[in-house]
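After this come two complexes, each holding chain A, first together with chain B and then together with chain C.
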Partner chain A sequence: MIEERFDAIVVGAGMAGNAAAFTLANRGLKVLQIERGEYAGSKNVQGAILYADMLEKMIPNFREDAPLERHLVEQRFWMMDERAHTGLHYRSDDFNEERPNRYTIIRAQFDRWFSSKVQEAGAIVLCETTVKELIKDAYGRVIGVLTDRDGGEVHADVVVLAEGVNGLLGTKADLREIPKPENVALAVKEMHFLPRETIESRFNLKGDEGTVIEAAGTISRGMAGMGFIYANKESISVGIGCLVSDFQKTGETPYDLLERFKRHPSVAPLLEGSEVKEYAGHLIPEGGYNAVPKLYGDGWVVVGDAAQLNNFVHREGSNLAMTSGRLAAEAIFQVKSRKDPMTAQNLSLYKAMLDNSFVMKDLKKYKDMPGLLHIQSQNFFLTYPQLVSKAMQNFVRVDGTPKVEKEKVTLKSFVAARSWAGLFGDAIKFARAWR
Partner chain B sequence: MTTEIAVRVEDKLFQNRYLVDVGQAHIKVRPHTTPSPALLALLKACPAHCYELNSNGQVEIAADGCVECGTCRVIAAPGGDIEWSYPRGGYGVLFKFG
Partner chain C sequence: MHIVVCIKQVPDSAQIRVHPVTNTIMRQGVPTIINPYDLFALEEALRLRDKFGGEVTALTMGPPSAEDSLRKALTFGANRAVLLTDRFFAGADTLATSYALAAAVRKIGATYGDVDIVFTGKQTIDGDTAQVGPGVGKRLDFMQLTYVSKVVALDLAGRCIDVERRSEGGVQVLRSRLPCLITMLEGTNEVRRGTMVNALSAARATVVKWSAQDAGVEDISKCGLRGSPTVVKRVFAPTPRAEKAALVEPAGRPPADALIDEIFKLRPKLEADMFELARGF
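And now, the complex of A and B:
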């Protein structure tokens, strides 16, 4: 298919792949990027929120032409039971700044734009091409890829695996295992379209201001999971995700869960009258630090979701993907500049750079959180939200009961549900996992 | 909200854009007489409802509406119940928004 040899082949054109391909090409390397979708973005799914800082490091003036939806001025957390939500709401005019920190985006549009920057930087981007396997030499070193095009072998010094959470190549080549059901969440999402003014009035927004709502509680029916509602310019992304192992155990269906979330009395009025234009499903890495596989080897590195780089506590993934792609590219560039071979030992520089960045530091900070929330999902996603909701109602409802008695009722309900030991245990475990 | 909610996944998938590679199913179910627990889990867990029981009680797949999330792969590929590959380049689900 392509006779020439490349310095690097990047498999995949998501956040990680585009960051890697852009950085490599920008540094003057000869780069081939292969994407199985019709165009970059057509296979990619995310909420989605873009974190400006990580993109600015590569494309400082991205705000001039990137397809951005709304800059976020507000974050709402909802703890939900069947009929209510208890909210924590942070809004600040500080976020109406010249260079906003976070934006909602629509991935199919954003990734297409990012890909145009990759091409401007000089990389060859080959779409509608599926990589079938990695080519190894007699010593087991990765030396290229086999695609589904005619005569589909292409060779390079190094292959950057940015193949996403469901990446097949790495597992086929025994570089890592298929993610375990307890280490990935399945999220389903719909795109609801409404006139811009309707969205702005329903969410209390002005101009391009945006907001996100993240919701947990009985909506996940005892499973470890979260719902989300993101305001775009003329659409609302609404979805819910839970651990695959929990879906497996409970027999809940993802679409019923989404439907229940949409019909919740706190959610339905936000979506009323909207036109749904897409339904998507996607896996999200949730295993954290302990689920990160080997990140490099002879002739290859793995970046982004394929490497399970996702901070599920802060709902950050695309920025970790972008940063890992950029750092892998910087490491490859350094090895290349020294005219050294792309051996595992030399490529370990990528791991060292990643360890030194927020990516691994953040994942390490929360390394015990998946175990806590996932194993005790009933308590954290069902029992506590119900208790909090009851407590809040008891607090605000005025019915002639003396306050001292009201407080006793609330305290009793907590102790009855979790016992003193359980309450203290949960608090200590949570604090430890957060530290 | 304990009432049952009837959702037709087909109606949801109807909004999506697909380019179906006719005759080239990218997911295959291993022939079986009695389905394993992993296979049975797919009847509910697949977000596009691609898996169904046939009249003989075996699990079958119609992958045309597949959104390529990989949930079934994570559940059933390690045990060999299904074989998962990507559709040919350019085929399969083509997200307009993602």
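And now, the complex of A and C:
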């Protein structure tokens, strides 16, 4: 056992863990951060998009030396059927601003940089060390962690669990349940390397401009899921993910979905001639507000993916992770500076701060969305995309049919597929879930 | 007892890339590791220390980023780490490298206590020369024990060491006086996982950084590119194999026959050679 005692132990060095460790160390607390990977980010799989605002709150001048890929000037949404996509495309030169709002990043590089800031702030970062379990005292209070190294017991006033979506540590310690299959998506991703100029011409970008394509529709074969394509400097991240429960039900495999997505006539030309250097898979929390577990207890708080904090409608996760990590750290700092013990009651401050932030407000707004898309996945991911594609084709194809006829055909196809009642029902349910 | 282990930070061989134009190994952006052979040297040194007492100092020469490798050596349990880093050292071949390392070992001896053994791996995976270890030993006037597979006995009072050395014909059992230089063979031990105490102190430790001057290098012209007589005449990368996998349909025949026919069809010369060979029996 290690004699030395820490103010806080942070388990994990992803976005949430780094934000927590950075903030705690910055506030002068004695922090030990433990990461199982070879270095921070070495186990990370995210796409990834970085949201500047949340990072700026901690490291205002991060743009000076953080490894950023491209700042996003454009967002494309694709509703896909087998041979087509109907797109919504937003691009604005306003995003070519001095302090851009969103960037593509490569997490293996970014997290390493973030970790160097954590160390500069004064935290001790131990990599290649796995926390096996939480140590509790006779009253069930968390008092430290046990690692896989010899003599690996370390004690602290509070343990910040930033262990990621699986949250094995928390489940093992009975702090929460293992995520349910309908509340997590399994996503797979490949990194395709191409020369910079090729990427810029294929995506219509200049300099460090970047773009993101998010795609839904028949690519997920009726399951609730989404594909994504992110343009990095010299690589393209392409991936797709669906709910684990849907994979269970259909017997589809993630890699097969990704192969099909890559072969789609709208996607294939973007990737042509590229060299695949990496492939990876990971779980993503998708359960939203209703799946968020207990966030604090005696001697512990949970942040980021481990707390299922992910806004799947807006594809935001890392900023929720960062914010929850930072707020947990601020709460711990406040309790500490009042010289109060790290009891559940005192740490409930973290929950209050989180409830007050955009994190819980956003999750609450979409709390019914996961249920809706999950139960109705066939309609939202298979039927509607096909109908929309047919309607668009009908609209643009010029073949001598009077326009009145064309509109009738389109309308009929919708009613035939979903019935009037179904269409109205879906519209109302969707509007409600969005509200 | 004081042991110095020389390690080198090398590109991870699993993720190596060759520059398409210059044919040299691209070190930028490629993950680095401790030269795998050096880990056997480090572990052997740590075992001797654990058994006989004393200290292990890890030493490397390289860019500031080589600190990562030294920190890892500390995590395994080395007592201190010294990084020899200076722009004067850049571009060194094995002659210049061993000159600089020998100076550093001398300085380490003067600063932290006389050095009894210098360990290195048998060679590095990026240079493959196996020259630096013996070069260091020669300059220090240490006895040289290369390709050692086992340290059999160490007599600190009697100042001698027995080792097994693998040679082409078999195994030699050698006795040498101390101080000596040992280059360690691969597969001779298994590198440990440092304890929690090791890992914590490694995370906190400061790696000692020495410039050429700090290390007491006497003749700077023997360092780096200036001190390197090696001239690379030409570098070429192996041509990637152009053969493609072929799918063989047995079509009702025994699969092995179909396979052999297909191979002979693709490699007619192989068939002739085989017959030639068969005639000899």
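By our rule, the second predicted complex is superposed on the first by the 433 of 435 C-alpha atoms of A that agree within 3 Å, B and C clash if a C-alpha of one lies under 4 Å from a C-alpha of the other, contacts with A are read in each partner's own complex, and residues count from 1 in each chain.
Throughout what follows, contacts are C-beta pairs under 8 Å (C-beta built on N, C-alpha and C of every residue); 3 or more make two chains touch, one makes a residue touch a chain.
Just so you know, these numbers come straight off a predicted model, no measurement behind them.
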**Item:** When chain B and chain C are modelled together on chain A, clash or fit
**Value:** fit
**Asked** What is the contact status of A:R102 with respect to chain B (first) and chain C (second): first, second, both, or neither?
**Response** neither
**Request:** Please work out whether A:H374 is in contact with chain B alone, chain C alone, both, or neither, and reply first, second, both or neither.
**Result:** neither
**Request:** Check whether A:K365 is in contact with chain B, with chain C, with both or with neither, and answer first, second, both or neither.
**Result:** neither
**Asked** Between chain B (first) and chain C (second), which does A:E128 come into contact with in this model arrangement: first, second, both, or neither?
**Response** both
**Message:** I'd like to know which partner A:R70 touches here: chain B for first, chain C for second, both or neither.
**Reply:** neither
**First (chain B), second (chain C), both or neither touched by A:R326** = neither
**Item:** First (chain B), second (chain C), both or neither touched by A:G151
**Value:** second
**Asked** When the two structures are overlaid on chain A, which partner does A:Q46 contact: first (chain B), second (chain C), both, or neither?
**Response** first
**Message:** Going by the contact rule stated at the top, is it chain B or chain C that touches a larger number of residues on chain A?
**Reply:** B
**Message:** Just to confirm the value: shortest Cα separation between chain B and chain C in the superposed three-chain model, in whole Å.
**Reply:** 7
**Fill in**
Overlap of chain B and chain C contacts on chain A, residues 128-129, 147, 149
**Request:** Write out the stretch or stretches of chain A touching chain B in their complex.
**Result:** 36-38, 41-46, 48, 82-83, 106-109, 111, 127-130, 132, 147-149, 165-166, 168, 178-181, 184, 186, 188, 190-191, 235, 244, 247-248, 251-256, 258-260, 263-264, 276-283
**Request:** Write out the stretch or stretches of chain C touching chain A in their complex.
**Result:** 75, 193-200, 203-204
**Residue ranges of chain A touching chain C (in the complex, touch as defined)** = 2, 4, 32, 124-126, 128-129, 147, 149-154
**Complete:** Note: in the complex, chain B contacts chain A through residues 1, 5, 7, 9, 12-13, 15-16, 19, 38, 41, 44-45, 47-49, 67-71, 73-75, 77-78, 84-90, 92-98
